[in-house]
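Scrolling down, you'll hit the structures one after another.
Consider the two complexes below, in which chain A is the common component and chain B and chain C are the respective partners.
Right after this comes the complex of A and B.
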């Protein structure tokens, strides 16, 4: 029986606690009285994954069983989440592979010939063949990739986009033409966090910039409280309107999977345990990891982390009508991640790990680090933020101004040009977004290389808009000072210094909460 | 007799300056400069139209520093005469009556030594008013020298007294300070550069360099042409502010120059092997206002096919592949003309004077730093590091003893 998440209050007996900081971690002594929010322990995995998949496909929510939707001569499209999920990438076989194989098997039994598979990468970078192979598995890859039937979605291929219509709010719904014109669109999702899935899958994953700009903007993000709670997220409200419009035009069979908290494989699994419960073996692993990381050259350290493959276990799979499925999915995600927290605090401390959705096999640049901290982690709440309005956020990350030129070319310009002028999400949106979104060079790189779309760094900055609006002070511990200044924040050498700096905002004796993540958690703040 | 800084022929110092002058300006202003403070006879040219002037201020120009550090091409060795007193940005007062100008009149000097000054029949260029293209700069009744400050007979602004011909003189408006007046010559050059750029309506323009030349060129482009967006490449924060004040739309650092232009124009970026990146596409017009290899290549690499690159700084050796492949129009810009054809035949000096009278460069004029001649080492040090130290113009004031 796995134990639920809980809130620890730091006292004299509390050992130093793990804090992630990029490609490394530290053991930090927190001030007495600090609330440490621990995620629930990993839920037991479904023992027979294939049986669970079959059951979900044959007993869907609010829809006919999948075999009943398949017929010879039909156009079947299978879309699936890209490499931004899960994090870290899943140990083989990826859950998407197993689901896709099951769907293809049923399609073959039904005599469906016209099948295409599309990675729903929206404005994310095109995945390499190896990355696609990792997700769909060798068999599917070999059967479809070379034939051109397994490919990345291209949001700039205007001939292969279909404008389905406008929502009641005047939002353009434009998605991949093959998907829009299919007799059946099967979407295979990995619901790592509660933000994922539902109508965020098809209307966003297969959309164009024209469609995405309606909800990926500063105003929407500031008003999403939080975007991890789809019922209170303006981003999701927009996506839901789009999804409902799409449902009127297109038969969608949504398959959503949820994973447990087995994020780190051995010997790094001590990172998912509570520090005072570390065994001798865990302590030895921790020491070895610290020593190794201390002496490892940056490239080796990068490889050590980015080669990690998570031994995730499946906690649930639901299929059928999107909203019915998503309700069940969210319940499963909450079972694994929800932690009850009483009241807000003055200061929220978060350690930013080495990986986010947009630096898989890549570099976490300062913009992505900001997105991770002030975007994903800050928004990991339900009800109200862990930190009070006007409070302070303290983040741990080196924030080196290192950029991957292949994956993030527009990020470099965003950092040098846009942030030099303003760090206000609304200002940068108004002044620069269109320029970057329509830049032919970025579009060329997005379409033909492996670059995120030119507008992508803006979206990352918008993710952080709610946090920037909510708190008065953001301080990075152990970060590159110049880079942090460019981001519009402050840098401190130690937690003590950071608290001293924050005292001007929150006073000399603030209440502090530390979000002990990863594994991921959602603070249910009352 | 008078005090003057004299540049003389010295192969060892020339080589030492060339080897170390750029990286170690201290070496240059210390022992490697072929320059000395001397007491010499006042220059006097007993020919019609010539008169003596007492220097009030004389600027230190990039071309002066280039000559002292041996960076100037030997091409120019046939166009100067040694020993010479440098200084071609001059505001001075007449010591003698000169035709319609009486002694004591404050004048600025157009340094180009044209046919009129040399007492020879006008060449074709001078005849047309393109005095900066004079073909007779090596003949006539004064020694060879393309400008005052590069001629052994005329002296230059880095001495207490120099000689100038009436055709070179413009009376300084009474309201002008010396600091404003000393900026007229560099601004006239910038006016000429801007007119040479022939920027059409809304032309996207790049000015590579934000020293005085680059800043003045930015100002002239904004004031005198229909150029659209002007991107300026600036190293230092105060240059950035001035560039924006002078009309730049955008300012980028040298490291970001190509990326900035690429962003602004939607050009495509190419990274060749073991070479500098370049753009396919880019600005319509680029001005190299530095004269270094890096700046010139930036200008060429950032200009669209068929665009124009104006060489305003004294050019360095560079990779001209882009000029060939992109069919760039390379346009030189030297000094300024008596009659600027694009400006209705007016002298660039008059246009520059008007711009200064309108207060366009007041901020720069306030920041002019002057040194007495005996502190020439400090002055050269300061001029070498002007950008870093927040200065835009360093000048000599031979009247000063401080």
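Right after this comes the complex of A and C.
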């Protein structure tokens, strides 16, 4: 039986609690009365995944069964989410592999010859062959990759982009030409969190900068409350307008999957358990992990974490018309992640783990750490933020100014040049975005190497814009002081120091909430 | 290099210390209060205790109780025991029904009994508390001849009825748990039902001072050899037509009268009982701290021959 999420109130019986901080974690003693928001326990996985996939494809929502949509001579394109999902990467076989194999089996049975598979990476970095192979599996990879029929989407290949039209709000809808000109586009998604999926899949995953700039900007993000709630997110409103326009021009068969909260494999599974229920074995595993991490050189520590493969289980799969499917998907995500929270607090504490969507097999640099904390984690709410307006946020992460030059070249310049001038998302956007977005060198690296697009660090900064607008103080515990200063925040050595520093903003006796994540959760704040 | 090694070592020691404190190594783990409602019911392991009533185990227990437990107990507390003459008037087995205020209650009762009775008396102990780990189960069964009873429902190896049928007397605390403030709680019906079912008398047992000497949360008696008082009452038999609920209530009343007797005199307590004026053992409805305050006082020592380190000269 899976227990629901709940809000713990720290008392004299509460043991120290796990707080993630990059490639490590600490045990923290929180002040008495601190509210700790725990995610629901992992839901039981679907016992027969293949049967569930078949059922979804043959009994779709608001659409004909997939075999009825397949015919000889048609152009079929299968697009799928890239390596930014799920986190950590899923243990083989990835759920996308199993779904794509089922779709291709039906296509083969129907005599479809013209099939291409496109990783919907938008302005994310091109995945390596090994990374694509991990997602789609050996059979699909061998059948399509060397033939040039399985590839990354290229948002800067203007010859292979199609401008489908303008939305009622004048937003450009420009997506991958092959997808746009297909008789059927099948999109295979992993809906790890509630911001994923729906019309965010095709209109964003296969789009160009020209299209993305309409919603990936500071103004939209500040007005998205939150971007984890698609009904109250301006980002999603824009994507929905684009998606509806697209669906008038293109037949899309959306397949969305949801996962449970089995984030950490053994022996790290103690990280997903409630601390006071740790067995002797869990305590020993934790101590061993702490000691191992303390003596491990940084390279080994990095490998220890980034080699983790999550034993995620499938909780649901829905296919068919995008919006009908997404309603069911969101309900499944909420079943796994929603936690009821009564009221806001003065201080929100969050531990930033080693991994976010944009540093898979890479480094979490200061901008990505900010995006994780003030972007994804801060926005993991429904209703209102966990912290009150004018409150303080305390984050744990080393925030080392380390950058992966292969993956994040424009981040280096963003950190050195842009943030040195201003940390205000609106100012940054106004003064620098175009320069970075159109820089030929960054475009070249994006298209030919494995670099994120030149504009990508701006988007990460916009992701944090709502939090920056909402709170008055951001303090990082255990962080590099200079790096944090560059980001426009403050650093503290301990939680006690951080609370002391925040007392100027929230007073000497603030109410505190700690978001105990990962696993993923959404605070339903009343 | 040696500095960093020392730092690592210190970090490891700090971690172990933090975990040993946070997870209460060697002690019972605690659940934060706000998480209690989410604790899953656990399947308790079933520990057989028949071995603890075998002849070798009884011989070993005799050595342990008389050679170890009793000297330590006497070194930490002083006791006054009254009412043992009632045991001369009954044949075993019987059920000793006592209120429960401290972990000192069990050794106080056992070590107050005449040896013949002590050797044939088993103690009912909560399965989820004393039998949750093998070492705790073995220890309590060996030292105190305990057998598990289920407070939350579940499998047990030996039933109290089987023990009564085999001639063992039982110590049962009908409240089912230790008092939080030293005052008496309601009695459950288990002891009364057993007495009715197996036709054995219930001997009410009242004691005072155990809560003051070692309340909940304390692992060793307070210093200063606190005074404990224990008093055994007349055996109670279920009346015909009496329900288990009524009999349990009468047993509780018997314990309350004994407490009153220990506090005052037998005659005064009898008169109050006849007028239904026995003080309520649940305690007065006053502020929590006042209830605790009243119970934190040990009974006055009755031993007039108590030795003094310094004899008074005037």
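Everything that follows uses one rule, which is that the second predicted complex is superposed on the first by the 526 of 526 C-alpha atoms of A that agree within 3 Å, B and C clash if a C-alpha of one lies under 4 Å from a C-alpha of the other, contacts with A are read in each partner's own complex, and residues count from 1 in each chain.
Rule of thumb we're sticking to: a contact is a pair of C-beta atoms (placed from the backbone, for glycine too) under 8 Å apart; a residue touches a chain by one contact, two chains touch by 3 or more.
This structure is a prediction, so every number in the text was calculated from the model and none was measured.
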Three-chain arrangement built on chain A, chain B and chain C clash or fit: fit
Which of chain B and chain C A:268 touches, first, second, both or neither: neither
Which of chain B and chain C A:412 touches, first, second, both or neither: first
Which superposed partner A:7 touches (first chain B, second chain C, both, neither): second
Touched partner set for A:145, first chain B, second chain C, both or neither: neither
Touching partner for A:444 - first (chain B), second (chain C), both, neither: first
More chain A residues in contact - chain B or chain C: C
Chain B versus chain C as contact partner of A:305, first or second or both or neither: neither
Partner chain(s) touched by A:16 [first = chain B, second = chain C, both, neither]: second
Angle, in degrees and to the nearest 10, that opens at chain A between the C-alpha centres of chain B and chain C: 120
Overlay on chain A, chain C to chain B nearest C-alpha distance, Å: 30
Set intersection of chain A contacts, chain C complex versus chain B complex: none
Chain B - residues contacting chain A, complex: 252, 256, 259-260, 262-263, 266-269
Chain A residues within the chain C interface of the complex: 1, 3-4, 6-11, 13-16, 27, 274-278, 283, 286-287, 290-291, 294-295
Touching residues on chain A, where the partner in the complex is chain B: 412-413, 416-417, 435-436, 438-441, 444
Residue ranges of chain C in contact with chain A within the complex: 8, 11-12, 15-16, 18-19, 22-23, 29-35, 38, 40
